[in-house]
Amino acid sequence: MLALDIPWGVMAIILPLAGAMSCFLWPRCALPLGLVTALAIVICVAGLGWQLLEQGAQRYAVGGWGAPLGIDLYADGLTLLMLMMTAVVGLGISIYSCGYFNQDRARHFWPLWMFLWAALNALFLSADIFNLYVTLELLGLAAVALVALAGGADALTGAMRYLLVSLLGSLCYLLGVALLYHSFGSVDIATLAERVESSPAVWAAMGLMITGLLLKTALFPLHFWLPSAHASAPAPVSALLSALVVKASFYILLRLWLEIFPFAGAALAQLLGLLGAAAVLWGGLQALRQTRLKMLIAYSTVAQLGYLFLAFPLASITGWTGALYVLLSHAAAKTAMFMAAGNILYFGGHDRIVDLDRVVQHLPLTITAFALAGISIMGLPPSGGFIAKWLLLEAAIRSGQWWWGIALILGGLLSAAWVFKVVGYAFTRSEVPHEARAVPAAMEWTALLMAVVAILLGLFVPWLLALMEIGLPFGGEGSAG
Amino acid sequence: MIPAFLYALVGVGLFTLGLYALIIHAHLLRKILALNVMASGVFLVLVALAARTQGMPDPVAHAMVITGIVVAVSATALALVLMLRVRIATGRAELAKEPLE
Amino acid sequence: MKKSNNAKPITENDSRQAQFRLLLAVPLSALAVGLGYAVLSLPSQAPGLSDHVAAKLEISGVSNPVTAVLLNFRGYDTLLELGVLLLALLGVWSLGAAPKRREPSPGLVLELLSRLLVPLLILVAGYLLWVGGHAPGGAFQAGSVLATAGVLLLLAGWRLDTRFSGLPLRLALVAGLGVFLLVAVVLMLAGGHLLEYPPSFAGALILLIEAAATFSIGTALAALFLGGRPEKGSHR
Amino acid sequence: MNWSAALPLFVLASSLLPGLVIFFLPEERVATRSSLNLAGAVLKLVLAGVMVWGIFHGSHFETRLPLLPGLDLLLRADSLSMLFVVLSSILWLVTTVYAIGYLEGSPNRSRFFGFFSLCVTATVGVALAGNLITFLLFYELLTLATYPLIVHRGTEVARRAGRTYLIYTVAGGTLLLIGTVWLYTLAGTLEFTPRGFLSTLDGASSTALVIIFVLLIAGLGVKAALIPLHGWLPQAMVAPAPVSALLHAVAVVKAGAFGIVRVVYDVYGIQFSATLGVTLPLAIVAAATIIYGSMRALFQDDLKRRLAFSTISQVAYIVLGIAIVGPIAAVGGLVHLVHQGVMKITLFFCAGNLAETLGIHKISEMNGVGRRMPWTMAAFTIAAFGMIGAPPLAGFISKWYLGLGALDAGQGWVIFILAGSSLLNAGYFLPILYAAWFKTPADAWPAERAFGRRETAWALLAPPLVTAFLTLAVGLLASAPFSPLQWARFITTLEYAE
């Protein structure tokens, strides 16, 4: 079984790095190079999945040293799902951007995007909190540069604010790393998990790291930077920011919470849950108030990120699974939504919601994609969003903390309100002629496919849960039922 | 080892002062500088506490600081250029609206 | 606190700003005190990983422990960090072309100084690169010195020939990360882990990587100084 | 997967797949679209027939796909579900023919028929659902599939109706979801079981069970248009006539009523519900709805609006039949599920014909229309008499059993409700009939279209005639084997068997 010995996870980091360099070196061939790399990464992730299924969770010592001296990579079910999410969304975005960017923008887009992909894969695979800092910075800088790619005052200001926030978040995180390292003499997560004990330095580190990561994850009230950055970026970039980049810092937070800070206590968990609930409601209300489609979608991201934090006070496998399911289905659905918004902008040159009736009737596939993604976002069956809502609600009721369920339900109703507000325009008759630019078929179909992924997530739950349980990232004895 | 802690405390001080400046000042250059001060504070903490050994200070912390510095330099370069572009696009080297912090 | 210098009623704005500053100072002082307390609560003796490093230094290929950590034990960090540098440059280039500045003639002092210093700086860079194996020094230090030389040249009005500002420049920028990655992958294909140097070659490989990295770091920092991508034909 | 496990899936697929294909058909491919639709409808009917035959001979049809740990996507054909499946299949076939005729030449037909097929898929899914989560899944799918049908015309009124519909149904779905999850955390299963699966649960949490019951019934009551949750239904009649027909006869309203039957019979169990004391309030709500709907119907001049209020009243009969704890009333309620469907679809077909052929929307415009469109009005008359409860038509059978059952269960007050309702029914239907047959027509109809020698297009005329015939047949042949009445008896023997 030679193929099982290939370190697929490592390949998934190396390939995009190599892809980024070659796209940079030969900008004229950036598009084919990028697409080939994207396909290769997808194959690597599939290979890693197969490896994990066969052999269980994997630890890989870079340089052969092993923790604590060297850096370890670690892959379990949680890692795998994040990588798969990145691969699917990444492939979709790669195809979409073929049509979206012109030649000049494409030559900048591809190397940056490959760097971002490398950063994501490296981040999800890393088992070392200092290495995580480096990947975070790689991720942040790539994301900022991609936002700025749109040009114009809005995008540049959005990118600038994003950069400042991102750096501030990283520095907080790094100071936490410093305190942890100097407390326990290691930056390896597993080693730290063994040695960690409550002390003032650890509490300070926890506060700093959580704050920094929350800033990057844009949890209410630290979300102020997100809407402008996500809404002003080019459509494929908005998609990958909302779908992937904010999830990366959440992933680190989740890992730290589960491994290093299990003593954090119920009070902090309740606080995170409270902020999450506030985010759900605030994001939903703000989304309803927006007049521009991309701003609306960006605020919905704020709300959806709130759902992730509802799992913290619930602290059960069902709850974590629910949060993870929010994360996955939101990634697919939000990608589809931003792509749809991108198509509408591309076609009609604007994204004012009240004037959408003139546009959407000519883009049936796009509006279908938006509607299907909306079904998942508001948590109606059959979709990934529904499964997520079900699991979180079940966890909330089982733990006796039904009030989190209220936030969940209200959030779903708010999303339904804005989704149908937009979709309603698809059925309005408008005969006003307008100048329009034909949208490449690839862009419409990718949007639709991503939305279909969000729907299908609701139908293949047992398979995904089986993958998630590799290595038992949430502890316990397996099945979430 | 008292000096190690002294330097580390200075590092903490730099971190907080940088944070203060980051929030207070509207001009982007000042914000970027404030972030650099914060970074220096973090590096100082990291490297000062590495001296709590018998003999050779902990080289891993030193390596981390070198890595951190390169990252900080890269980020600062990008931030400065971005600031220039913001200034060209909006006429001001400030963010349109202050972050809510 | 925004637009504090505008013509608006200054006194009111100022007093509000002063209030805000005072209000901000309180939680931040608390933060400083808390962090200081946390730092002071750390054990006064902590070996960190220095024992581990010392134990493995023999087979790391270099005798300077910091270099051993940077390029061997935690070489993967350094690999990614070269990526960060290259990425920052890519980001800067994607923002547009380098601003055209009508520079005054550099002046006699700068002219002379650059002629005098640049060769010296390149020499120093080479030395730092070499000495990194057993004493403080290494690729980053050498790279920054090299970049100083480049910046000095740029200040003196020198520009890269257009023949070199295309692919050759890009190759120079990528060289560090490229060589590092290539070595890492070759070692992996040879049957080891990623970046697992065989002890006998470790020193040579590290020097190779460091040389490429120095070159790229120097070029990248100097290119960052330009503040944008070099446009074809726009410079001498 | 063997045949008996695949058959429920095939029944769903027979409308789902044509629907998905139709979405992508260009507007002008009328023939392909119509044949796909009709082929799907006929196939579904055949498959449903096979399943009925199989169940009668003791086969089990069950599809089980894993959905969540411990929860399956379960499609199961039992006697109750087949009652609904067969009703939906027959009425879908008829409505498809009608819709093809009705929408001829109008825009966005691919979209319409696509969602139309999805709507029926969801209805059949609701019917076949073997546990509460599967039910919920298709119930919400039904909401999503009907919204585009209601706003199909794209006018401001239609969009407002669509918004109202969504506000009600999404809120209802949410209540249902909360109830379902809560129930799952208490019971650990959601699978429909004859006589319920909750009675074996420890009695400690009976308050919780009552609250859950209220949540579930409220969630279902939205679609079943029980007061005070009925507000969306009269507005939704802006939809094209075939949609109203399907909405009122099978799809949405019936899904709600059917769900209430499921919850009372197969989740709580009728005896356990009675023990919890929730059946009497339910019966009172149903009775109030019956009277209220009829009262409102009296004062409507818009024909479709009057029919809509009539639906509110009539569907509550089903709920009433369930809530009167007794086997005979249950037969009346269940059989009304079918009878009301057949009668109401006829009425809506006829209303659509009047609107499409003559431009008549209001009752005040109907004077003498019987002479212009005798066949349509004949069908209308049969269905209207059925609604009033005149023997030997379908409605009479339902009311007879309801009344008998109420007496049998010692709930005499229900008789007054039934009598009052019949009077009101007569009050709002007879004036229409009188005007149509005996008043002299005005000089010209509001907007007349010529259809040659026939009174209207055959695709518009045939469906109401067929359903009117069914109204007559299910009444006359009520004691024949496989009649809805016999089937309803078969179901109740299972629920009430000791």
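The chains carry the letters A, B, C and D, assigned in the order they are written, with residues numbered from 1 in each.
The rule is short, and it goes like this: a contact is a pair of C-beta atoms (placed from the backbone, for glycine too) under 8 Å apart; a residue touches a chain by one contact, two chains touch by 3 or more.
The model shown is predicted, which means the values in this text are computed figures rather than measured ones.
> More contacting C-beta pairs: A-C or A-B?
A-C
> Which chain would you call central, comparing Cα centres to the global Cα centre?
A
> Taking the mean of the C-alpha atoms as each chain's centre, how many Å separate chain A from chain C?
29
> Using the average of all C-alpha atoms in each chain as its centre, how far is it in Å between chain C and chain D?
72
> Could you grab the centroid distance between chain B and chain C? Build each centroid from C-alpha atoms only and quote it in angstrom.
Averaging C-alpha atoms per chain gives centres 15 Å apart.
> Please list all residues of chain B that touch 2 or more other chains.
In chain B, residues 15, 19, 45, 49-50, 52, 60-61, 64, 67, 71, 74-75, 78, 82, 85 touch at least two other chains, as defined above.
> Mind pulling the chain A residues that touch 2 or more other chains?
130, 134, 137, 141, 144-145, 148, 175, 179, 181-182
> So, with touch as defined above, which chain pairs make the list?
Once each pair is checked, the touching ones are A-B, A-C, A-D, B-C.
> Please give the residue numbers of chain C that touch chain B in the complex, ascending.
1-4, 21, 24-25, 28-29, 31-32, 35-36, 39-40, 42-50, 53-54, 65-66, 68-70, 73-74, 77-78, 81, 84-85, 87-89, 91-92, 95-96, 99, 138, 140, 217, 221, 224, 227-228
> Which stretch or stretches of chain A touch chain D in the complex?
For this pair, the touching residues of chain A are 364, 375, 380-382, 386-387, 389-391, 393-394, 397-398, 405, 409, 412-413, 416, 420, 424, 427-429, 459, 461-462, 465, 479-481.
> What does chain A use to touch chain C in their complex?
Interface residues on the chain A side: 7, 10, 14, 17-18, 20-21, 24-25, 60-65, 68-71, 108, 111-112, 115, 118, 122, 130-131, 134-135, 137-138, 141-142, 144-145, 148-149, 175, 179, 181-183, 185-186, 199-201, 203-205.
> Show which residues of chain B lie in contact with chain C when the two form their complex.
By the definition above, chain B touches chain C via 1, 5, 8-9, 12-13, 15-16, 19-20, 23-24, 26, 45, 49-50, 52-54, 56-64, 66-67, 69-71, 73-75, 77-78, 80-82, 84-85, 94, 97-98.
> Over in the complex, which chain A residues touch chain B? Could you list them?
Residues 130, 133-134, 137, 140-141, 144-145, 148, 152-153, 156-157, 159-161, 163-165, 167-168, 171, 174-175, 178-179, 181-182, 221, 224-225.
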